[in-house]
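There are two complexes below, and they share subunit A, which is joined by subunit B in the first and by subunit C in the second.
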Partner chain A sequence: MATHRLWLRSAALSLLFFVLLVGAWHLATLPKAEVQGANDEYAKLMGKGARKAEGFPTPAAIAAAAWQQLSDPFYDRGPNDKGIGIQLGHSLARVGLGYLLAMLFAIPLGFVIGMSPLMYRALDPYIQILKPISPLAWMPLALYTIKDSSISGIFVIFICSVWPMLINTAFGVAAVRRDWLNVARTLEVKPLRRAFQVILPAAAPTILTGMRISMGIAWLVIVAAEMLVGGTGVGYFVWNEWNNLNLTNVIFAILVIGVVGMLLDLAIGRLQKLVTYVE
Partner chain B sequence: MSAFKNPFDPHVRLGAGCDCGRHRSQAEHEAEAAALRNGADLAADASEEALNRRVIESAAMRALFPHDETRRRFIRAVGASTAFAAVSQFLPFGALEAMAQDRKGALEKKDLKIGFIPITCATPLIMADPLGFYKQQGLNVDVVKTAGWALIRDKMLNKEYDATHFLSPMPIAISMGAGSTATPMRVATIQNTNGQAITLHVKHKDKRDPKQWKGFKFAVPFEYSMHNFLLRYYVAEHGLDPDKDIQIRVVPPPEMVANLRAGNLDGYLGPDPFNQRAVYDEVGFLHILSKELWDGHPCCAFGTSEAFIKENPNTFAALYRAVLTAAKMAREPKNRPLIAKVISPPNYLNQPETVVEQVLTGKFADGLGNVKNVPDRADFDPFPWYSMSTWILTQMKRWGYIKGEVNYKAIAEQVFLATDARRLMAQLDMKAPGQSYARFKVMGKEFDPAQPEKYLATFAIRKTA
Partner chain C sequence: MAFLEIQDLRKAFPGQTEPVFEHIRFAIEKGEFVCIIGHSGCGKTTILNVLAGLDTASGGTVIMDGREVAGPSLERGVVFQGHALMPWLSVMRNIAFAAKSKWPDWNEARVQAHCQKFIDMVGLSGAEHKKPAQLSGGMKQRVGIARAFAIQPKMLLLDEPFGALDALTRGTIQDELVKIVRATQQTVFMITHDVDEAILLADKILLMSNGPRAVIAEIVENTLPRDRARHSMHHDPQYYRIRNHLVDFLINRSKLYSGSTEAPRVVRPGLEEGPAASGEAPTVAAARIVNLRH
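The block that comes next holds the complex of A and B.
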């Protein structure tokens, strides 16, 4: 009962915040009175009198843009003008591929590092140096060596999502309770079985935390990478609308990026709940 | 069949010599009649049917409305596609299309990717897509918008693009290995002449004398660009050293207006539509058109790698013809409003149509309250003069982008394909100059392409390192 009421109150408060925010936004961006004189030739060339995006868009304009984009998300008018749904698809595919590669690389390596203190110490300096490098700094190098812009994008996702997964896997594996390992040893469990049936379930929550952090970073980076490389994707969409100084669509794209990022995070959060255990 | 190459040219004479008046000659008329009799054949090559549709339809439009004004008014009133749809009911388009397919070259490669930067410099290359000039040559081209010039260079070197929109100094620089790994590139045609401007932030309305520009931050699209060389030339002629007195940054053209608005820049020598866009958005004004520095200067080019030409000579020739056809059409001032309409949508420039139209027609607001009328503000003369490439080399040496002895003649004539351009232009009934070198004046100072070193020695302000 109490939790139910709390839920209701928090929802009401959220709604209130929303109304306040949009209201303030609406008031701040009310259109100024249009200067008359569209007959004047100069004014006409300057786009006066015509519908022209001036200043910061109003919430209503954003809603209209969102409706327009979302009502036809999969249109394809040539290689440089595709609907938001297709762009999202491209971005998600890139993130998915890069992320999958990072998983295939980071989780086994993390196991090795976590199980062997020697390897941990030997590889630690490399990880510490490579970890803080901005993934976008790799872009020119990737373009030059890989010689393919879309694979370069995937590489950038790979490189940014590999570190949190690697470190968390190593940490989770190293922190498995000694007692459990000792029990396994007493029962003469084979190493492979020990890895999959003792260590993996024990370290899974930590590994998934790493994966969750990685996904967040990957989604942040893909937008920036696509703005650099262009072609397709949400980042390209933002860049293309920015070229036209169309803030309305830029804000719409920002909202979409936020919502998709949240959904990705929620999905991994669900997975995380599945593997958590109470000691 | 030159009628097919410039379908929107309202001046082409029609009904010159056939019974029904729809064909240019009796021969064409009979060919159509024969094709009609073999109606079954027409359905056969369905995939190519679409190729010629637009060209044919517009040729027919021209036949129905021989008077420019009438046709224009009709199309404006009902919209182009509606007009074609309405007219197509009365004309045997299928037959006309079948005829247009009579010249099939053995194309080595049909699916091509061509890169471009969303600026009006790329007009011929872009418009060739919506107007069907590539398809007319049997090519299936994707014109791909690209985020910046460095990326154009990388994607050309990667072979992700088959051919591309270049800044005309870029193929020279890439061929010489300046700012790149040395890879031989070729300039097939100049894309555009003139059409650039120096735009200043509105807060500098009172600083029209370049001597007041000390400490200004300017942007150019790329180091190896006419914009960079012209801006440097311009300020140096006014006594400023571009390397010491002002700051020149590389900013991709599409990001120039946003940066000018944000105050990151005081101005730029940039490509249109971004000069006009700054005016339209009331953040800048046009200080001077590049035409006033060097009338007829080249800006962008259409080119590809030497390797591509060697591997795909027929495809390259087809591509060449398509772009030249577009240039021919773009040179006609009366076609400019239509061109502005087809290249403005999001798939290409993604700009308000009025901005592009002001650039192309030369009737524009200058940001200072005046309406100016400069019909040759932008032009699209495709001929790649060797004298242009020689001048570019002198400026590259002047500002230290290349060092040591430069064999001007060899490089200039190797990269710019003037001979091929002349041959193909003749095929398309375009006027090409008889010689490939010409003297010209930049800010009143004559350049003699025969003596580049002597010219270079006359400049007091240059990089001496």
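The block that comes next holds the complex of A and C.
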């Protein structure tokens, strides 16, 4: 009962904040009285048509732009004019691919590091040095060696999502309770079965935590990476709309990035719940 | 040759000058229930781990059924102190994990039927699909026992299995363990801190002196009838003779044997002259202190 009421009250409060925010925004961006008439021709020549209102866009303009974009998300009118759906698709594909490669690399290696104190000590300096490097710093190197901007984007996603997964997997594997390993030993469990049926489920919550952090970082980085390499993707979309001086679409894209990031996090959160156990 | 023979076992941890225990020798016959009692730090758990193959001794040998123990084996089931159930698996799956280790070729139905037998045996019918976190401490330890029995080992090793349970639960599970062990003729080696538990369960009680250089000081034969039960045992005057002997050892004599090289004395309290024959009253009071401490 009490929790139900709390839910209701928090929802109402959230709604109130939304109304206040949008209201304030609306008031702050009300269009000023425009000089009409003689200068119309001139204004048009200067690219100051009626459609591109000056100043910060109003909430209504954003809503209209969102409606327009979302009602036709997959249009493709040349390299500089693609629907938001297509751009998102490109970004998600890059993130997905880079992330998957990072998983394939980090989880097995994390297993090895977690199981062997020797490997842990030997590889620790490398991890400590490589981890704090901004993934975008790798971009020139990637572009030079790979010679393909799209694959370079994937590489940047790989390099940024690899560390949290690697470190968490190693930590989770190293922290598996001795008791469970002893049970496996007394039952003469073979190494592969032990890895998959004892260590993996025991370390899974920690590994998933690493995967969740990685996904968060990957989604942050993809926008910047796509701004840099251009061509396709939400990052490129944002930059392109900025070059068009279309702030309405920029704000719309920012909101889309936020919502998609939240959905990705929720999805991994679900997965995390599945493998979490109570001791 | 006995079923299990321990010869001159010694353990020294690196960096320590004196071994924790040395000259450990005893034997267990098939179907025998042996308890070992001693103060904390005398190396009981290390001995059990060596028997389990989880730890290695610094010297001496363990021979089970004519073969030297080297490493863990499915022939020895272990019940761990902290139950050691895998929390992501249900009761059934925990036991099935063990059964599948022993019989990898069995199909799912056969494994389930086999495990069900042992779940019923420890009185957990109906809880098959619960996760360990949903069980009480006593129930968890029952699962641990069922898991150890389910691989039908030649020998069972129990490391203070009831130490973390409340007195009532402990009593019930002890009764069940007695029933199961007598029905299955299982050979058991068990660590305990509880004198009454040892008298109820064990045929032979090994008394271990304090470490370092701990030894098995005495082997007490349990002279109570084998069908003794927890609720009537204390009416037998012989029970007190054994109990007083054990408590007297723990309180007064356990520190006297450090470094002794003599073979442990076999004692039958009350039936022969022993140090415990004198002065019953103070040791009864002392027994209470011992029980309070554990």
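List of remarks:
In this text, the second predicted complex is superposed on the first by the 263 of 279 C-alpha atoms of A that agree within 3 Å, B and C clash if a C-alpha of one lies under 4 Å from a C-alpha of the other, contacts with A are read in each partner's own complex, and residues count from 1 in each chain.
Heads up, the rule we're going with is that a residue touches a chain if its C-beta (ideal position, glycine included) is under 8 Å from a C-beta of that chain, and two chains touch if they have at least 3 such contacts.
This structure is a prediction, so every number in the text was calculated from the model and none was measured.
Contacts of A:Arg185 after superposition: subunit C is touched, whereas subunit B is not reached. Looking at the superposed arrangement, the partner reaching more residues of subunit A, out of subunit B and subunit C, is B. Once chain A of one complex is fitted onto chain A of the other, the partner contacts of A:Pro201 are limited to subunit C, with no touch recorded for subunit B. In the superposition on chain A, A:Lys147 makes contact with subunit B only, not with subunit C.
By the touch criterion stated above, A:Tyr277 is placed in contact with subunit C alone, subunit B being left untouched.
Judged by the document's definition of touching, no subunit A residue lies at the interface with subunit B and also at the interface with subunit C. Per the touch definition, subunit C reaches subunit A in the complex via residues 52-54, 72-74, 76-78, 80, 82, 84, 86-89, 97-98, 101-102, 131-133, 151. Interface residues of subunit A, counted against subunit C in their complex, comprise 177, 179-180, 182-183, 185-189, 197-198, 201-202, 204, 275, 277-279. By the touch criterion stated above, subunit B contacts subunit A in their complex at residues 118, 129, 142-147, 151, 154-155, 157-160, 254-255, 257-258, 261, 277, 279-282, 345-348, 350-352, 354-355, 358, 363-365, 369-371. Contacts from subunit A toward subunit B in the complex involve residues 41-42, 45-47, 50, 52, 77-81, 143-144, 147-149, 227-231, 239-245.
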